[in-house]
Amino acid sequence: MAKLYFRYGAMNCGKTTSLLQVAHNYEEKGLKVLIMKPSIDTKGGKCIVSRLGMKRKVDVWLKPKDRIRDKIHLQGLSCILVDEAQFLTPDQVRDLWLVAKLSDVPVICYGLRTTFQTKFFVGSAPLMELADELEELVTICKCGAKAKFQARKVNGVFVTEGSEVAIDGENDVTYESLCGKCYIQDVLNIHEL
Amino acid sequence: MAKLYFRYGAMNCGKTTSLLQVAHNYEEKGLKVLIMKPSIDTKGGKCIVSRLGMKRKVDVWLKPKDRIRDKIHLQGLSCILVDEAQFLTPDQVRDLWLVAKLSDVPVICYGLRTTFQTKFFVGSAPLMELADELEELVTICKCGAKAKFQARKVNGVFVTEGSEVAIDGENDVTYESLCGKCYIQDVLNIHEL
Amino acid sequence: MAKLYFRYGAMNCGKTTSLLQVAHNYEEKGLKVLIMKPSIDTKGGKCIVSRLGMKRKVDVWLKPKDRIRDKIHLQGLSCILVDEAQFLTPDQVRDLWLVAKLSDVPVICYGLRTTFQTKFFVGSAPLMELADELEELVTICKCGAKAKFQARKVNGVFVTEGSEVAIDGENDVTYESLCGKCYIQDVLNIHEL
Amino acid sequence: MAKLYFRYGAMNCGKTTSLLQVAHNYEEKGLKVLIMKPSIDTKGGKCIVSRLGMKRKVDVWLKPKDRIRDKIHLQGLSCILVDEAQFLTPDQVRDLWLVAKLSDVPVICYGLRTTFQTKFFVGSAPLMELADELEELVTICKCGAKAKFQARKVNGVFVTEGSEVAIDGENDVTYESLCGKCYIQDVLNIHEL
């Protein structure tokens, strides 16, 4: 039976690179993949872009009201790949779970685990509840440890309040991927129990 | 830096056996562990009991209002083990994360991922948001696949409605651990997309 | 397609406990398992014994010349479990791989990764070459880190020479599970590059 | 304590892409990495080349007689990355293990697990014996399952005999990455136990 995968990781950990590599691996064998992205992620428009410089047009640009079953033809499909999966709706995640389990097509979702406040995104929670495999992709904190969280900066200063979604590079917002300890000390300003 | 672990799995996958084995491994080296259990889990009282027959008294029986920092002395402690961690409060999970990160004592939480309705328990969500390592313990579905969900039965019939917590064996309630496909087909009664 | 698993770990990490838990999980669902052990492991005779106190008779006691296909009936079998799998012969490992792949019965092998000299056992090497899943079971080093190697002591003193197999507790031989750093420093006596 | 990682996988699974992503992640944080490749791998010369099109010069081109400690300066180094690590000598692997454990610099080795005959390469065996983390990178078999082995073809026909190393694309040699079942059936021509 096919699996629903959630490959999660902090910003800049290589999620899109990994997605593009998987697509390449399938296609090299003559197998067909479908790449989807929620439309909430406006960065890059209808393309997905890896920071290593690779780029590719998505096959399906999912709006929040779209249901998966209306947007895809499973016939001949070997794998479904979803970028920025933290922006899927719970219904869309549930649909993808049904696709994997009832149609035997693997679904690999790449996305952030948590917001800049270490809380789930709307799509991350159901992915964490339902996915067969939870696989972490890691990047590096400034201290050299594994970065697992993204902290938001406004004008270069860490903030703990603000809207859930704010795009990197717009309105003076930037992000930094941090390990748990650096997040606790530098963002939450907690230094002892 | 010490890690916060969440070892999750469906009912009867061996979580308590694994916890007792870890405690044994530490103690055999002369290292001290602390075993905690949320008081919401009334089954077994102040003991944890493995279905393989092993039993052990817990060191700390956590009430929902208890804060971790008031209940433990970290001095000389090599590891904190939590059974039935799905019943921790978000504040308690956050405290345990701080303990791991600021005091360098590893914290290993064992618990259910989701309720009989495939939704997080109150403690599972923050554990999934914060834990350094998410490690699945699996058991077997009746079909031979890996069971990842627990379905509730009342008088032997699968139900999809009811209170979040209902104890196995009381009030005609029983549970069955199922794989995703059997859960979808047998509990949700969905057979095609 | 069924998988060949190699669950490896240092001495006293709970391999046999885990095997017995898996057997219990299958049998609780009414599914049949077969437990095998190479006869080279004379400790415990035709039983496997967990250090947590559990014990069970093996179904097949494999001599080095035995071929797997002559010793098992796959009919009605849901899982094959092998304890002390580091003592399997390469032919036996290959047979088990064929069983998993051609007969669709999962095979779960528990064993040591390496000898007291950090070299593969005769059965560990082919398991590491062929297994679908390599899963580590860890125990704790005296320093609190994860122990991955077993060091041999004769009369309480670490040794680096001797026969590959020497039974714990006989002829003044004992073992200690150590992390890499403690092994390098305390057994190999290397303290800098 | 830093870890020695062995990230293994069949040909064309994306090992070099992953290595380049890790290097990028470190360097983006202002941290220094060192990239090494054994000279036995003549393909690409003193560069590593990803099939997705990325390319980068290696910092150290290791000859079989080179000892690691003579080729690197650990000062200021945050990570060592090794491509084609299956061609390392056992001494070099041991050196890298000592670097991780005694100098606290993580070492991430990417390489093939086994030859076209499903036997370890000279460098894969000690990596499998010593690495702290064994992490599999997968690609896809023609059947859609995970490919774990590489089969060699000469003039398009699977072969089971020949020299251990033969470069892809030279002397009519090509490779195909296969899952276990396809390898057993199509290369070994075994169809039943």
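We just call them A, B, C and D in the order they show up, numbering each chain from 1.
Assume contacts are C-beta pairs under 8 Å (C-beta built on N, C-alpha and C of every residue); 3 or more make two chains touch, one makes a residue touch a chain.
Everything numeric in this text was worked out from a predicted model, so none of it was measured.
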item: Homomeric contact chain A-chain D: same or different residue positions, threshold half; value: same
item: Whole-Å gap between the CA centroids of chain A and chain D; value: 28
item: Gap in Å, rounded to a whole number, between the CA centres of chain D and chain B; value: 38
item: Multi-chain contact sites of chain A, meaning residues that touch two or more partners; value: none
item: Chain contact topology (line, ring, star, complete or other); value: ring
item: Complex contacts: residues of chain B adjacent to chain A; value: 1, 4, 69, 74, 95, 97-103, 113-114, 118-120, 125, 128-130, 132, 134, 136, 145-146, 148, 179-181, 184, 190-193
item: Chain C to chain B touching residues, read off their complex; value: 12-14, 17-18, 20-22, 24-26, 28-31, 51-54, 78, 139-142, 144
